[in-house]
Amino acid sequence: MTPEAKPKGSPVPSDKTNNGLYGRDILSVNQFSKQDLEYIFKVSKEMRTLVERFGSADLLQGKILANLFYEPSTRTSSSFIAAMERLGGKVIPIHGVKYSSVSKGESLPDTVRTLEAYADVIAIRHPEVGSAAIAAHYAKVPVINAGDGVGEHPTQALLDLFTILEEMGRIDGLRIAMVGDLKYGRTVHSLARLLRHYDVEMVFVSPDILRMPKHILEEVTERGQKYEETDNLQDTISNVDVLYVTRVQKERFEDLSEYERVKGFYIVDDEIMKKAKKDMIVMHPLPRVGEIAYTVDNDPRAAYFRQVRNGMFVRMALLAAVLGKA
Amino acid sequence: MTPEAKPKGSPVPSDKTNNGLYGRDILSVNQFSKQDLEYIFKVSKEMRTLVERFGSADLLQGKILANLFYEPSTRTSSSFIAAMERLGGKVIPIHGVKYSSVSKGESLPDTVRTLEAYADVIAIRHPEVGSAAIAAHYAKVPVINAGDGVGEHPTQALLDLFTILEEMGRIDGLRIAMVGDLKYGRTVHSLARLLRHYDVEMVFVSPDILRMPKHILEEVTERGQKYEETDNLQDTISNVDVLYVTRVQKERFEDLSEYERVKGFYIVDDEIMKKAKKDMIVMHPLPRVGEIAYTVDNDPRAAYFRQVRNGMFVRMALLAAVLGKA
Amino acid sequence: MTPEAKPKGSPVPSDKTNNGLYGRDILSVNQFSKQDLEYIFKVSKEMRTLVERFGSADLLQGKILANLFYEPSTRTSSSFIAAMERLGGKVIPIHGVKYSSVSKGESLPDTVRTLEAYADVIAIRHPEVGSAAIAAHYAKVPVINAGDGVGEHPTQALLDLFTILEEMGRIDGLRIAMVGDLKYGRTVHSLARLLRHYDVEMVFVSPDILRMPKHILEEVTERGQKYEETDNLQDTISNVDVLYVTRVQKERFEDLSEYERVKGFYIVDDEIMKKAKKDMIVMHPLPRVGEIAYTVDNDPRAAYFRQVRNGMFVRMALLAAVLGKA
């Protein structure tokens, strides 16, 4: 609640601070140093132990999270609520906010300055790119970006990376394929950016019109990272440790015959899983709509529901960290 | 949170288990043995004592309820929230779910498997018959059916029966009339089914076109239960211990003149209460829209608001029981 | 939860009771004696200390607030939730209630009698004047009016007055200007009424067609209070201790050219702030839509966000008081 706890405006790069994430905003995957990531994953792992042994803790007793969702997202909003509640904190759920009516009535800065009068931390989901940064600029309490349109969704990227670490025991040395809509997919962009901190091989599998954007490829290679591009999942599957699946949406195609031609190539089913390694994992940010067959759910390599649960642990770690209690 | 705690798929009949309701789903009134009912009512009574003396307890500290309401029901959703909160547990309120949008985006099994990553128990209200059973089939945590369309609403039936027990001191030996729309009324069907465990006389009072369905009557007589049917409340009222009122809805009638002819026959007002026994009770699942006159509210025999409160105690008992803390 | 705790129907004037607000409804600013106000502000101040030192307390552990909002009001509903949570209590959030659907389905008295079965106190926001009084008439638990249409919004008036006291150190002797739409503005009417208990000078600054209603002016003078009326903010600003700003809404004007002529006269910007006293404060009930320039926010005299936070402290005080824990 103290204005001094948090630098006004843009966050301090954590490499230059002593105590890491305390009082900071969580806005973008680009803000994290490798040291930050290691810290977050260490605490996330402790959170898993805590939940599995005790269900909850008192770490954030007396703290309140304002959960400000301008667009519905049951998965993400429920995850933040559960994370706060399992740490002994409380929540102001603000889920019915119509974007249009708020833009008519009140500016985002005023809404944020109202909520910080009541709450110790704000999670915000908003359809406009940059909105979380605006909120953070005006708020004296830490702001966590829970998705700002086609912009960033950093807690999703962190839980994705934490899942790889938990499932595979390591990140370095893995061959990680991202499949589907790599052009518009916010999650694969963020994951690729985070993976630059590690020594991995990335394989980008997509139809030609949905290839990973050039600026992401350039960012990836900046630190000497290697990647391959292909449109063929069949040839790729046998040689990857992680298969990160996203949906190929019909509405991305101008030429529908092209969509009809390619759509089946990116569906993960029992047939394709037969070709995959025995100890690989399949991930998905969810919701899925057909791109992973239900029959795959019983395959032990299907990690997407464990991935959901990891989201709660990562958000617990972040809430504890920015409130100085991790 | 442990998958072993709950049998995958259909619930184990409680008569065959040692520890009753722990880890089980609450899906249908048909799942309960008489022993289950006695256990639930004993715990519900303890919950009343607890609330009246202390307001709340710590029994479910560290536990989270996902309150998943696909259709609005302020009464039932608030009752589950209060029940969880008075036991020291916390709630993820998911009340804005539009049925159509979820059906477009994500299947019920995926939603349920997402929520069990965050929560220890799920209460679900859904407009489609069988949806709670589907949810329970996929969830590893206990699922409580909070109403699935014209299907089941078992917690309502339990609170109805608990109210009779609390108000009258016993169930055996009572003469219990159900009045109104007995054809479509989910609550009277479930109550009739639960009453098969007891030695009661049932009187079904309704217009001819809204009579209790044949299959319910057959179920009732299966265990040798007696019942009467009549369309005349005036003649019945003087001789019943419990009058359970439901609404006769205009839209059920093809012939509106028939509706106009009969509607007044099933309205409970001061006049009709004069003919009732001194120690009988009037019940209603609420909301009411005219079928019980407001002037009856001050009559000590009007039990319907006490009935609402009993719902909280019964849901407290069920939450504690399925989580192994009763 | 005990019916005896609260007199049925209209509240007892507090001057005639020993223990002040315990078990009472909070319906109107007119119900408060000066002694009540002093008590509320003393407790509100203690609540500030409590929050700033400890974040939260256990005072209302085991208590539940039903937060019944028939119309959306993120600011007020969030404030009540935070107030209850910071006192260790819990909340049933009922925010999605469509007014029309409830009026179709269930009467307000029945809704209230349902909620009191679950909760220890009810806060109600409803678009119809008098609705909170109806709710209070039927509820056995205390009811707090969180705004009933153009009627009352007593917790807003209390937080406004508390803000003046906190910011200025006193209320007596101040010169307090209210600016903008004084004809329809619920908040300025209530504030003027509360100020009758103090020795202040009031200045009412508005366009001619939006002047303070005659009946409010009469109430103000009843106790010998002095006031001035003017349409000129420029001339007034240099000589006031408190500037309470409200919006001049376009839709109030039949003659739009009249609106265009006057609108700029009531906007508070850096220019006008240069003429104001060094130790005065600017207040606003929020949301604002242009009537205070964003550049004023950094002026230390801008008190409107501190005012928001005071709302939480005042509501904490009221919740604790009516539940007998202050």
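Letters A, B and C name the chains as they come in the text, with residue numbers starting at 1 for each one.
Note that contacts are C-beta pairs under 8 Å (C-beta built on N, C-alpha and C of every residue); 3 or more make two chains touch, one makes a residue touch a chain.
This one's a predicted model, so the numbers in the text were calculated from it and none came from an experiment.
Fitting chain A to chain B on C-alpha positions gives a rotation angle of 120 degrees, to the nearest 5.
As for how the two copies chain B and chain C face one another, under half of their interface residue numbers coincide.
Computed from the mean C-alpha positions, the centre of chain B lies at a distance of 41 Å from the centre of chain C. Chain contacts: chain C has residues 93, 96 touching two or more partner chains. Across the complex, chain A meets chain B through its residues 51-52, 54-56, 72, 74-75, 78-79, 81-82, 85-86, 93, 95-96, 286-289, 294, 305, 308-309, 311-312. Considering their complex, residues 1, 61-64, 66, 90, 92-94, 96-97, 101, 105-106, 109-111, 113-115, 117-120 of chain C touch chain B.
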